[in-house]
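Here come two complexes built around subunit A, the first alongside subunit B, the second alongside subunit C.
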Partner chain A sequence: MRIRPYVEFAKRAFSREGTYRTQVFTHIGSVLLRVFLLSMVWTALYRNNGEQAGITLPAMITYATLALLLDLIYGVNGAYVIREKIREGSIAIDLMRPISVPFYVLADTVGQTLFASMQIIPALGLSLFIVHLDAPATLGAAFAFLVAVLLGFVVNFFLDLIMATITFWTMEIFGVQLMVQFISSLLSGSLVPLYFFPPGIIQQLAFASPFAAIYNAPLSIYIGKVTGLQIVTTLGTQVVWAFVFGVVALGLWRLGERQVVIQGG
Partner chain B sequence: MASRYLATYRQFWRLNTLTMLEYKTNFFIWLFFTIIYHGVAVGTIWIMMSRFPSMNGWSWREVFFLYALYMLAHTLNNTFFFTIGDVPTHVQEGDFDRFLVRPLDPLFQVLSQPGQIWPDELALAVVVFGVAQSLVHLQWTAASAVLLVLAMFGGALIDFAIQLAVATLSFWVIRLDTLRWVVMSLENDFTRYPLSIYNRGVRILLAYVFPFAFMNYFPATTLLHKTSGPGYTINPALGWLTPVIGMLWFAGAYLFWRAGVNHYKGTGS
Partner chain C sequence: MIIRAEHLTKTFRTRRRGDGVMGTLTSLFSRAYDDKLAVRDVSFDLEPGELVGYIGPNGAGKSTTIKMLTGILVPTSGECSVNGIVPWQNRTQNGKQIGVVFGQRTQLYWDLPLKESFELLRAIYGIPADVYERNMAEFTKVLALDEFIRTPVRQLSLGQRMRGDFAAALLHNPPVVFLDEPTIGLDVVAKEAIREFIARTNRERGTTFILTTHDLNDVEKLCDRIIIIDHGQKLYDGRIEAIKRRYGRQRILVAEIDGFCADCEIPIPGVRKLSQAGARVSFEFDRERVSADELIVALAKQYELKDVTISEPELEAIIREIYLKGLGVDAPVAEALT
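Right after this comes the complex of A and B.
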């Protein structure tokens, strides 16, 4: 497979995103408003109840703020175009092109995500006017955090791709996709850290779920809840989920593609 | 005249119902989605407060009650006035003119555009409220029942009036996305928690500027007898003011809307 066209796809997605200026302001504004809200919620909870599960208030506010910043890049969902292509039938033309459609979508998502991650800089800068953020636990943790974000991106992308590929069989996917997104937002630890889940089966399930690889893994490393050798295990688990989801996504794609070819779209 | 409005409105609901019957799968997927959406919101509060049992003196059950009360008013508004949010699109795409040449009130026409509008979320809100009121052991008296009905209808009116005012801005401003987003977030996210956890600025904003606090917080403090806490007391009469605030806001928003429509006619753009 030649890599060059895909780099070009990513570049085009990047510059395309740059044309939606007002959206950028809306995104950053929404992050700041939520940073503000969550800092007040957590401050009240800590003031009334004291520290819980070994996470200090500054660490919690850092966690919540970073989760909102990660929303900016995880929220891209470039795989969504597949749904539109299948609906309109233009997928048939894409399948004739000498490219791999899933990798085209990946390249497009990477381009969009790179643009989205540029929003993180002003969003982070402005957040610092609202809240105090802890530095990463150690320099190694900072590096591992970045790797974990990257792996989280891959898991998240394949999850979106799986959802989009299901469109081959049913068009009523939008609602289902949103449902998975909401369940994921809770189980990934993006709303409440998994450490605060009631101890027992619910918490164990949440930690074991693939969604934990998206938010919980990088954020736990950043605030120092996961250290030393545990970091390796955490990153390893993310790799496993990325691989599993990748295999499922590409397998489903194969099946769907065959269906289009046989039925003629 | 009135009978024409009534007949049109009946057609509107007939079409909505027909759409629902035609797209059954779609209906059930969205119903299920709605359940998940509120389930995640309530689940988040429950998980959070399983570790932190008190939010400025409110237990998770009481915070859940706050959510349920908001949901009643908000879904009532959404069921009957949802299409007000389409006004910016109508103006941008130029099809608002259609409403001006027809012999019915433009606002009425905007509010009776058929679509996928079903009372499923309102029904869910009633169920959720039923659970919430039993969890907090709400004391049912004639007064509390009346207050509840006033809060629900008055709250829906507040909700609608604010959305009407924001939609009206689109007669002057083309890009409203950011403002709409901020108002929506204030409404959906900030009303989930007791007002007392916020700083002075936000409290003033939610009580006086965009009075979303009257949709759930003030009625809830009266209903649950939570009118005093550490460092503050709230007049229990405030909870009764919801319909008054709703009518005042609606009167203002409607005058603004009329001015907006006249402006639109004047410039013809």
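Right after this comes the complex of A and C.
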């Protein structure tokens, strides 16, 4: 596979995002607002209930703030355009080109995500005026955190791609989409750390679920809930999920491509 | 042989949907399907350098055929190949050697200036620098692209966009190009420019074209051969001349006669008087039975002729008859010509 076209796709996606300037400000503004509100909520909850599951209040606020910052990059749903393209038939144009459409979408998502990552810097800087953030436990943890974010991105991308590819079979995917989004936001640890789930089978399932690879893995490493050798197994689990989702997504895509129905003349 | 289709068949299977809320709900769980046979058992071959018109009424299956040849639809049965490659099995390989223009939708990148769309295509197809430069120079000149090459595609007029689309389709020197209604919505001048571009590319580069259109002037000006399909089935495959000869036997002769003639009848078998308006009299004649010469001589014997014109049957009139009645009946084109 030639890499050049995909580099170009990523570059164009990056500069395309740059043209929506007002969107950048509203994005950052909404993150800051949520950082403020969530820090209030967690502070109140901690005041009434005391420390939970071995996570101190400052660690919790760090967790919640970083989760909101990660939303900026995980929230890029580059695969979503596929659904529109299938729905109105312009997928035909992409399919007649000598490119792999999933990798085209990946490149486009990477470009968008790189642009979104740049928003993280001002968003992080401004958040520091609102809340106090703990530094990562060790330098190693900081590095592992970045790797885990990258792996989380891959898992998240393939999940989005799977959802978009289902459009090949059924256009009425909205309900399924909402359900997956709900389950994902619950089990990924983006809203509430999985450590707060009642210990037992549910918590075990949450930790074992692929969604945990998206938010829970990097954030647990950052706040030091996962240390030492556990970091390696956490990253390893992410790699496994990235691989499984990747295989499923590309397999589904191949199947879908074979029985594609192009809409419209 | 550069394109071949053998017993090509495509059935669309759609889930049957009920009406109203209940209908929608039950259709979610039912396994009821409607099968739509869009293309049935179509076979044809194209030689390199041919420019073939692929025509048929709305819903005939033209676009579906083209989608199978471009590899974006998998045939339900039958086979096809382009330059030896089976399009759907090897979509990417096939993509490199074909160009496509869909009149209904653009392949240019909506947000980007035209020029950048070309740059992106250059990367996608891995077009060598010299080929790219040469083609850009030629297309810019022939299609007059420089007026709007820096304009974002979404701001282009339909005619400008179409010129951009043609350049985009041919940038990588594809030996085979599919055109699905490339002149739709264009004004007379723009249509002529596009036709000229197609003819020129076919002539100078030996590019093979399949052209789908509802404007039979496109076909008449560009193609020697047409394939007609209707209801997914091939009705005709051959030269335009032949179809004109076969289905357009009737010609019209209009004579301007000096002086009064109350009842200008010509008693020759195969000739029929159609109408008379003052000194202008129209005759319809069967060119298999009477030659134009004979008719004029016969007329000149009886009357003083001031002027004579003979009109060819128009392809459009013939095709209309074929769409309406199929190939069985001999098309009475005379009606359409008066």
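The criterion applied here is as follows: the second predicted complex is superposed on the first by the 258 of 265 C-alpha atoms of A that agree within 3 Å, B and C clash if a C-alpha of one lies under 4 Å from a C-alpha of the other, contacts with A are read in each partner's own complex, and residues count from 1 in each chain.
FYI, contacts are C-beta pairs under 8 Å (C-beta built on N, C-alpha and C of every residue); 3 or more make two chains touch, one makes a residue touch a chain.
Keep in mind that this is a model prediction, so the values were computed, not measured.
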Partner chain(s) touched by A:45 [first = subunit B, second = subunit C, both, neither]: first
Partner chain in contact with A:207 - subunit B first, subunit C second, else both or neither: neither
First, second, both or neither for A:103, with subunit B first and subunit C second: neither
Intersection of the subunit A residues that touch subunit B with those that touch subunit C: 172
Residue ranges of subunit A in contact with subunit C within the complex: 2, 4-5, 7-9, 12, 16, 19, 89-90, 92-93, 95-100, 172, 257-262, 264-265
Complex interface listing, subunit C residues touching subunit A: 12, 28, 63, 67, 70-74, 88, 91-93, 95-96, 98, 100, 102, 104-107, 109, 111-112, 116, 119-120, 123-126, 180-181
Touch list for subunit B against partner subunit A, complex: 25-26, 29-30, 32-33, 36-37, 40, 43-44, 47-57, 175, 177-178, 181-182, 185-186, 189-190, 193, 197-199, 202
List of subunit A residues in touch with subunit B within their complex: 22-23, 25-26, 29-30, 33-34, 37, 40-41, 43-46, 48-49, 52-53, 172, 175-176, 178-179, 182-183, 185-186, 191-192, 196-198
